[in-house]
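Below you'll find the structures, each written out as structure tokens.
You will see chain A twice below: alongside chain B first, and alongside chain C after that.
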Partner chain A sequence: MSDTATSGRAAVAVRPAGVRRGRRGRPVDWKAVGAFTLLTAPMVLGLGLFKYVAIGWSFLLSFSDARGTVDLGSWIGLDNYTFLLKDEAFRSSMTGIILFTIFIVPVTFGMSLGLAMLLNGLRRGRAFFRTSFLIPAAVSYVVAALIWKMSLFNGLPSGVANTIGGLFGWDVQSWIASTDPPLYWIVIITVRLWLQVGLYMILFLAGLQAIPAHLYEAASLDGASRWEQFRHITLPMLRNTSVAILMLILIAAFQAFDEFYNVFITATGNSTAPVRPPLVFLYDTALKGQDYGVGSAGAFLLTLLIILVTLLQGRLVGFGRKD
Partner chain B sequence: MSTNLTSRRAFLGGSLLFVGGVALAACGKDDAVKAGAKITLEQWYHAYGEAGTQQAVMRYAEEYTKANPDVAIKVNWIAGDYSAKLHSTLLTPQAPDLFEIGDFQYVDVKNGLLAPLDDIVKGQEAEYSKASLDSATADGKLYGLKMMDDAMVLYYRRSVLEKAGIAAPQTFAELAAAAKTLTSREQKGLFVGSDGIGNAAYLLLWSNGADLLDPEGKKVVFNSPEAIAAIAGLKQLHDDKSLLLDFTTDWYDPGAFIQGAAAMQWCGLWAMPAIKKALGDDFGVVAWPKFGDTGQAVSRIGGWFAAVNAKGKHVEEAKKYIEWLWIKQTDLQKDWCVSYGFHVPSRKSVAAQTTEFTSGPAKDAADILANTSKAYPNLWNTAMDSAFAQAVLKIAKSGGDAKSLFDEAAAKCQAELDKQLA
Partner chain C sequence: MRKTTRRTPVTVLTYLVVGVAAVLFLAPFYFMLRAALMTGMQITDPNWHWLPDPFSLQGFLDVFDDPSVPMAGALGNSFIIAIVTAPVSTLLGSMAGYALARIAVPGRGVVMSFIVVTLMIPTSATFVPTFVLVSAMGGVNTQWGVIAPGLFNAFSVLLFRNFYLKFPQEIEEAGRLDGLGHLGVYWRLVLPNSAALLASLGTLSFIESWNAFLWPLVIGQDPESWTAQIALSTFLTSQTINLPALFAGAVVTILPLIAVFLFAQRYIVQGIAATGMKD
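Up next is the complex of A and B:
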């Protein structure tokens, strides 16, 4: 868009052929408009057809009784929504994901930033560590979840976690199946951090490298301690990066699916999972149980929650606010 | 000059003729495969794990086309979440004419997806187990033809039990005691599933005379006193720490039993060849033992049904094919059941001819299947299973109150059942 505007402004000076003045005196470059339309049309059409039509259809489905069918017609008003809001399983799934988010967002954020600062301070081997930490981001969630489940945290004395525990004389633990204490959180949270921290670390590292070194030099000449430098230079300079990363982590947390699904899955599905985040719940409802009406209603409730939390976060940390 | 031109033209012409000829020949060859078939039936199978099964079903299809040149069958082998893929495809024009169903769901019948098969099964009912007929019957009509029966039984390691002086368990109390005695750091007594639940909750209910739904399928009854008493058994197994948990594979795989991670395991007949290969004769099978004196020994029947898409273009032809294959071709049924994996032929007359089931643990398993097997009702859907399983999880693992949790789950399931029947 801005390219069009710039070339339009440039056109004022030279006025090449085919450029006329628009209604408000701004010239309209029809060639550029044509090129813009041509280039964006496939994307817009595809998005419209495969996303917006589907979203609209799903919205209509959420008001109808659609069991084993995606045909509209048997309207039941808000029944699907009231059913879900009364359903203990859905409610605990939603409160569960909120608690999970409250925990995982600061932890992921802190670890990524901490690692990025450590790496940024390294004199040697920075590329090696950067690559090592980033590699997990390229691993499939499914594969990682299965490695965690079957190799690291299996319930056998020979499992990696139990072998390490054995060195300290601990009993053999069932890391996923035991609910009291809920050891499965260790499995879920470690695999998530392993997968995600590397990517956010790279983003932070880019932000850190963009901070001019002379700010730190000036600060240390003035006698600012490391903490004061971090508090008054690093953090403010990283604000835009931090806000964007925070939002990414937040949305990723609400959309948690793969590691929960694959860690808890059994021969009969996810029905015995001690925690089912909303997406797993909706997958079970819509695709396994073929209740597309309730599934769609749940998807919109989750969307609403994500929008609310993102707006709230924007209020608190000021996403998109001009400096 | 002119000769040059002619020769170039001749070359071009010759080339064109050659290309055209090849194209025609290719078309001809393609037609030869279908051999003038007027109709092509699309058939879906889930991806069986056993080697050779895909080739087998393609061979059956070819044999049918040989006998009936008008009909060709295209076999599609579907990997991944079969049921979800099937059900989403059944909503589209690409829906297959023929497909398999593992767990029968009433909603499919209610939505008119399945064609009734009563006319081809008529007079053959006695050939099939009651549990199989019941699960494929809805509103008085039969919608699925059983392709094979899977028995699920309790395997025990003969030598391990003998060493501890324990007989194969005949009651739940014996099972729980045996599981506790046989548990050590390296070996657990019993494996029912990685989550410590698996099928055990259903088996416990059935073994104490309780059930999920009443016989008419109108009322949810798993909050009965018998059910509440039986589910305490699962809590006991967890409290005793005699269950193997978080094994790398789930109960349907014999790995835990073969490796000696568990002395007893709930598993399927399909695993018997692998167990036999690894352990020789050092194993036996029993049904899930009766819970108390008033209960009975039980087992689960599984397996796949052949079904026909009621909205397909070739319903009659599709029905003829499954009648030919799963009713008339007894040799192919035998081949299907025992040449690749290990399943009991679903037709009693065919099972009786299959020598694999005349002796040893295989015979025991087939007898257990014939005498004690139960299946989930087709009204039992994912939402109900999930409500029930969550209650079981809280009772068995977190010490929740069985009565209130089962009452709550039963109320939820009843609402779901009423919606299905509405």
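Up next is the complex of A and C:
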């Protein structure tokens, strides 16, 4: 208790008073400048190189004819961009990832919130169940894709999904290779759910535990049902958590690479995959095909899409928040 | 609190749902282990076997004995990369975060903005450019090429800055009285008092680095520079797959992380709770 009180006071005392006004009049404290520079320099130089220089260079490449080279010089204007926007493969990778996002975002959100609420209501065994749901989060997408592809949905009669289906008398399905109906979506979606639900569940649990219990007590004294309590206490109190989590799931979904690459890959690469999300497309174009101009242009188009969707989602979710 | 009469059936139902969900979440581990301990014949047998009969460790021998997929070397590479990335990236984040929170100098706001702006750039926008840059610097097929771009994490700077803003001032004042400068205070007093956050973010960074796929794939083009994830992924595309060896490879790859997870779960949970609240 006294700890938080002191630290709160300290923060107030140190920051606003010390920084601005004092500096103007007094001579610069060179010892402080030296220490500040030493402590921040590695981070500033590293980010400067690997973010600013890299992105600047790539931005210039996106206006260059850069096949098999990363040298600048042969400017071709917007040709890389118009090429991509006309390219059937790039367009279908964009629609594919939008479809994927529309599926994965609400399902991940709903399952994590649902599990968090169930866990929060448990008296005993909460730690055990929390571990069970979180432990897949430590598994890599490669290993998960491997289990999904070679065991759960391997398309053989010995596969787990087909064995279970057999109990109900269903036919053996090829799952990953099945395009009509597109059963491969079940494979792709469940991989990501298995790996991610536990993470977001932890965030929701933290949010739920921050809701004061007396709100629920007062509500149930007033005769509010469980649904009413959820609707009028839980959801509004989780607003910030929910917005943050939605954003995280969304941005991660647009950048999906690992599971698509590993689930669909064959000895000949990814060319036969029914869906090639943008990052796989960019990998094939820039790294395999060595066309760094088109690859860079594609990276910027995807970034633009992510920023647009994030802003749009911010508007939709934030709608009616003020007043 | 609430009436016990209403509580019981709801509680039973809750345990039932949570229990079924837990079985579903843990089942893939069982299927992986089961296949790793079977023979290839048993794995593809259409008649279901719950347990391997006989138990076979051949897969674990075969996975280290495949000339086209150097699994042992790949595990070593992954270990070196993760064991360097986790402490260094966490320390760099803490250093910058401390300076931004506690050392008032002119231009501090500019440095802060320079760092925070990079948070808005998604990874998808950086992997082609970063490859362009790192390959120009000769980093393809090297371990530093895999490690270097991952050391600079603006988000960890932000988390440490928020942590140090609330850091008790008394500790720093005591250090000053003992004649320590800014760096001395940071190194001797502040850093040891940040152990919990360092451990949380370091553990997460270790897991992330061990599991990373896209960047090591881009950089590691020679088999000698593969990480465990790349080796496994390559294994998955071989013409004739030795199934028990493949699953044994998966087991060996996740074993270190399960160990980290079980010993450091507290830090992982704290780390996720801290990092999730970024926006």
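Criterion: the second predicted complex is superposed on the first by the 281 of 323 C-alpha atoms of A that agree within 3 Å, B and C clash if a C-alpha of one lies under 4 Å from a C-alpha of the other, contacts with A are read in each partner's own complex, and residues count from 1 in each chain.
Here is the rule we go by: contacts are C-beta pairs under 8 Å (C-beta built on N, C-alpha and C of every residue); 3 or more make two chains touch, one makes a residue touch a chain.
Note that the structure is a prediction, hence the values are computed from the model and not measured.
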item	value
Touching partner for A:Asp291 - first (chain B), second (chain C), both, neither	first
Chain B versus chain C as contact partner of A:Ala267, first or second or both or neither	both
Partner chain(s) touched by A:Thr131 [first = chain B, second = chain C, both, neither]	second
Which superposed partner A:Ala219 touches (first chain B, second chain C, both, neither)	neither
Touched partner set for A:Ala89, first chain B, second chain C, both or neither	first
Touched partner set for A:Ser178, first chain B, second chain C, both or neither	first
Touched chain A residues, chain B compared with chain C	C
Partner chain(s) touched by A:Val28 [first = chain B, second = chain C, both, neither]	second
Contacts of A:Pro157 with chain B and chain C, given as first, second, both or neither	both
Partner chain in contact with A:Leu203 - chain B first, chain C second, else both or neither	second
Chain B/chain C common contact set on chain A	70, 149-151, 156-157, 266-267, 287
Footprint of chain A on chain B - complex, ascending	81, 83-84, 87-88, 91, 105, 107-108, 110-111, 113, 185-186, 193-199, 244-248, 250-252, 261, 381-383, 385-390, 392-393, 397-399, 408, 412, 419-420
Complex contacts: residues of chain A adjacent to chain B	67-70, 87-89, 149-151, 153-157, 159, 172, 174-180, 264, 266-272, 274, 284-285, 287-291
Of chain A, residues touching chain C in the complex	3, 6-8, 10-11, 13-15, 18-19, 22-23, 28-29, 31-33, 35-36, 38-40, 42-44, 46-55, 57-58, 61, 70, 115, 118-119, 121-123, 125, 128-136, 138-152, 156-158, 160, 163, 194, 198-200, 202-203, 206, 217, 220, 241, 243-245, 247-248, 251, 254-255, 257-258, 261-262, 265-267, 278-279, 282-283, 286-287, 292, 295-296, 298-300, 302-303, 306-307
Contact set on chain C toward chain A in their complex	1-2, 11, 14-15, 17-18, 21-22, 25-26, 28-29, 31-32, 35, 43-46, 48, 92-93, 95-96, 98-100, 102-106, 108, 111, 114-115, 118, 120-133, 135-136, 148-149, 151-152, 154, 157, 165-170, 181-183, 186, 207, 210-211, 213-214, 217-218, 229, 232-233, 236-239, 241, 243, 246-247, 250, 253-254, 257-258, 260-261, 265, 268-269, 272-273, 276-279
